[in-house]
Amino acid sequence: MRIGVLTSGGDCPGLNAVIRSVVHRAVADHGDEVIGFHDGWRGLLEADYRKLDLDAVSGILARGGTVLGSSRVQPAHLVDGVERARGHLAELGLDAVIPIGGEGTLKAARLLSDAGLPVVGVPKTIDNDIAGTDVTFGFDTAVGVATEALDRLKTTAESHQRVLIVEVMGRHTGWIALHSGMAAGAHAIVVPERPFDIDELTALVGKRFQAGKKFAIVVVAEGAKPRAGSMEFDAGGKDVYGHERFAGVARQLSVELERRLGKEARPVILGHVQRGGTPTPYDRVLATRFGWHAVEAVHRREFGRITALRGTEIALIPIAEAVDSLKTVPPHRYAEAETVL
Amino acid sequence: MRIGVLTSGGDCPGLNAVIRSVVHRAVADHGDEVIGFHDGWRGLLEADYRKLDLDAVSGILARGGTVLGSSRVQPAHLVDGVERARGHLAELGLDAVIPIGGEGTLKAARLLSDAGLPVVGVPKTIDNDIAGTDVTFGFDTAVGVATEALDRLKTTAESHQRVLIVEVMGRHTGWIALHSGMAAGAHAIVVPERPFDIDELTALVGKRFQAGKKFAIVVVAEGAKPRAGSMEFDAGGKDVYGHERFAGVARQLSVELERRLGKEARPVILGHVQRGGTPTPYDRVLATRFGWHAVEAVHRREFGRITALRGTEIALIPIAEAVDSLKTVPPHRYAEAETVL
Amino acid sequence: MRIGVLTSGGDCPGLNAVIRSVVHRAVADHGDEVIGFHDGWRGLLEADYRKLDLDAVSGILARGGTVLGSSRVQPAHLVDGVERARGHLAELGLDAVIPIGGEGTLKAARLLSDAGLPVVGVPKTIDNDIAGTDVTFGFDTAVGVATEALDRLKTTAESHQRVLIVEVMGRHTGWIALHSGMAAGAHAIVVPERPFDIDELTALVGKRFQAGKKFAIVVVAEGAKPRAGSMEFDAGGKDVYGHERFAGVARQLSVELERRLGKEARPVILGHVQRGGTPTPYDRVLATRFGWHAVEAVHRREFGRITALRGTEIALIPIAEAVDSLKTVPPHRYAEAETVL
Amino acid sequence: MRIGVLTSGGDCPGLNAVIRSVVHRAVADHGDEVIGFHDGWRGLLEADYRKLDLDAVSGILARGGTVLGSSRVQPAHLVDGVERARGHLAELGLDAVIPIGGEGTLKAARLLSDAGLPVVGVPKTIDNDIAGTDVTFGFDTAVGVATEALDRLKTTAESHQRVLIVEVMGRHTGWIALHSGMAAGAHAIVVPERPFDIDELTALVGKRFQAGKKFAIVVVAEGAKPRAGSMEFDAGGKDVYGHERFAGVARQLSVELERRLGKEARPVILGHVQRGGTPTPYDRVLATRFGWHAVEAVHRREFGRITALRGTEIALIPIAEAVDSLKTVPPHRYAEAETVL
């Protein structure tokens, strides 16, 4: 068989592990040919690619980033996107294409699949918000980076007798905040799924100081917002320089908590460091399994599906299951986390 | 309510996280009292314990080991073990006891439970061989330590143009070997579940050299054995000093592979370093959730059960499910790993 | 003998290692008594302290923060500060006090020493800007944290085809920027010692893109400033919320480089994470040696001095040598770093 | 100019950082040409090499191993070794060769230099036993790996109430044992420079148990030996399989301490994991500076020298200074470490 692979969307630890696994399984075990499109969908739309043999993926398992490059181009951006893709698949004699990417990528995959093209997707997201799979690669690494930072910040908060409000990734969901906050023993965790009440949050942190503690760590997902009417909040999302990342919830919370508690409070924004670099062993194993099963699905001609972790097994589920809704933190998970609130 | 907690058996990253979580949930949320028995079952059998309040568990979330101590004492070791336990529970006014431990500990828990004592267990094993739960805390950390070592050994094997045979933990199951081997891109993985054929292994590694590669990494679980008749093998397990750890499979394999391949081969035995120290964030979250759910089970008086991970949720399953069989690596997982063989 | 010890100023990995070493050497080897003042100079000024025996320092070697607490109180803040210190030393029967801290702390130590009090200081700074010593503990850890972040950010910058401007600590000196930038292979390093010319910096980064590279990493010390007239620069240092950390050089550089290069540029501010948490082995060894030698100096009644690393040996140097000037990055070190520019 | 570079001897984190730095400085700054010989001296003796441009060293700064390969071949192994080297330097039009390696490599460098060939060496050793330089790259990484293992082993030793005897690298010197032992707070450190008295060691560890402690960690360098007559000791160094690494001091000590103390004792041999993988930031900076200064020495035609760290500066010292003696741990450093004994 002849298989194309591409990586699309933002950086995510484990992309190279998937590429390597696809090549290992397809080339070494099945005797397939694999080509890699450059810069995501752009490569498919412009037939810009290179051959991937075993040497091409040597040494990349633990490397961050993607050797194929990425971009945010989508087939839907072009009026003839689907037809160009169809044309290039035919020209290149490809039996299937394996796009690796997040929600946007999987929606594009569905579009192509609905148009009859042979597609098997591999989901990636550091945010853990893709439905249908217990988890995807990248999330464990992101939680690891955030937790290590929180571990370090704890001693600083304590030495400086401060409240630190630490903003982690998560525009729509609070998974990274929840898991890193639980792992590091944060004193409050604020997630987008449950708009926060500033009075409650102040009370929670304040109780700690009343109990004689001298510092507190609040973890907040970047997409968290106050309950309507709870506090003034600039949801605009852009700062004076036009950058969205910096008008953040952590800074606003820090001002508000300092004023209300009478304690020095400081925001810390972890930022991009959560989405790059070497994947954890957990993510490498999951990415490797996803790549293996994607190739198997291609050989079974089971198209229109993505790989998914279900318990300890890898399943192939319809793309629609993954893209029709967002996987948010369910309320009973907040309850469990109250141990750290 | 009044709850006793104890940790029993070998070291495992995450024990302190469970203890802390039990205390947080029980004391802070339910207003319970918690006592911790010293040195595992010994503490229960001798009523040796201390009170655990919130301060007692402050700062232990990420710390390796167990603040309560451990031992390999079991109630079944004493003719009146069960009755002593029953007596102390009554004397101390305990509504339940939460033992945290591995297979042996859970068997003891079952013994007490069958005798009518109120027990909710929390499984721990770095080996990942406890049935009924997708995984337990400790395993992710062990895989992490082994993978980091393998990552380092790769450059050394390459520089020295050697075959390194790396022995990881796993007397009965190959989970650590499989996952660390996949995560590090080992060139062969040898597990106890599938006795190895030395000819096949030699051929597998030899093929790599024929393809021009100059080194190889073989990961072998300590309990792996050759197929009957495949090679001479000293399964005695004890060296001249009476220590079981050192008459290992890695050393024997190393001699054999060196002889057969004509390449320098060296064994590396990772040993105890895999079972101690700071747990990974993954293990901290899982341990915390286990502790929380164990307390909830106590409050629901759902005894004779242990906590278990099923997909993304924590379930309470009968102790018997966990101790009646060992969770071994299933054959289809070997297949997946052939990508790295 | 009877010795007092205190930690003053901001958090710095290795403080606990010094405390532990002082106690080990003094109590275990010399049979001294050691007391620890709470919250830095405040504890000395208010005679707020506790006894430190071997148990009190058990397990703290690798822990971040300080078990004694810290504050920014200085004897000079009180009109009778020196006399209160003298009085408490006499009352408590102390033969010497060992303050552990940065520039401010050492200036206070000098004040007390000039007034005849028996003081041996131990310098700490993550910034590496204390003169007279090759390096102090804390710096290696800070460089380690910054480098790990830069390693991760590289793959993200590459995947997103961006310029990342990473702000590291260093108000007055560029040591952390220089070392982490060299260690991570940054493409430009900007330090306070050499005001930058925005045209030169743009040219440097631009040359990379002209050579076909698709991303760049610029490391900038928080105290870096443009050459006069080079670009508009808000040196105010406070944002609309009154927080100094956010009106940073990285944000301004990011806007300017994006405009000039026509490439997406983003600032990343590493912040407090650089100054907390577990010290590196290097810092633990250095901190331990400093504590040991401080006790020896006390026993030799060699007061008015601080410990210092000179090559591979620990020397005792006059406090004045350390506080009279700042240790800045010398020009020939820039030259060496041009390999990474 | 035209410069050749080669890496020789065992693996050592930082080799690639030196190679990269040589190429950056020589090619980018001076406009030189650089070639890299394959597999150490073998490449020079057989004129087996490749051109190294900037692309060839892209991305290797933090990678373990050596992209040029290594071997233990030395010019002195061939009767015409020096003349072959001279001939190939002439044929290839090389103005200088920069060998990077340990004691054996530097001796070979001296041989060539004495024969009039233009050589500037760069010392490498994880053991820190090369004289004339405060330290070389590789040592900090080795200490880091050993310390991390010791940190983990502590909780296991404690949970299992054992004495762990941990063998670290160091055939002739105890630097890694000393620094990792100090960094991890080991309870005894045994180095080759001071043959140990088994009675003293037993007493030291025994005192700990008498004081109520339940475990102990002993760090021992692989080359440590007992004082004559102190205990029976098999110094043969080879096990029944002919492997030198396994008839180690740790195993013998473990048997002896278990017998004498009546406490379970276990050996742990860290092995090769100490010499591979990603270098620490400290080692990357040092390796980068060494490479830079080696090129500068070539341009100054200052041959017959090696780079050395002296305090905070890089010096060029005669090769003889480095190879005429071994840098051992001086007695006053043991004294400092008594804080951890």
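A, B, C and D label the chains in the order they appear, each numbered from 1.
Heads up, the rule we're going with is that a contact is a pair of C-beta atoms (placed from the backbone, for glycine too) under 8 Å apart; a residue touches a chain by one contact, two chains touch by 3 or more.
Since the structure is predicted, the reported quantities are computational estimates derived from the model, not experimental observations.
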Those chains which touch chain D and also touch chain C: none
Furthest chain, CA centroid comparison against chain D: A
Whole-Å gap separating chain A and chain B, where each centre is the average of the chain's CA atoms: 29
Geometric centre distance via CA averages, chain C-chain A, whole Å: 34
Whole-Å gap between the CA centroids of chain B and chain C: 40
Junction residues of chain A - those touching two or more other chains: 151
Graph class of chain-chain contacts, one of line, ring, star, complete, other: ring
Chains touching one another, given as label pairs in label order: A-B, A-C, B-D, C-D
Chain B-touching residues of chain D, taken from the complex the two chains share: 10-11, 13, 63-66, 69-71, 145, 148-149, 151-161, 164, 214, 239, 241-243, 245-246, 251, 254-255, 266-273, 275-278
Touch list for chain D against partner chain C, complex: 20-21, 24-25, 28-29, 61-62, 134-135, 140, 143-144, 147, 151, 179-180, 182-185, 280-282, 284-285, 288-289, 291-293, 310-312, 314, 336, 338-340
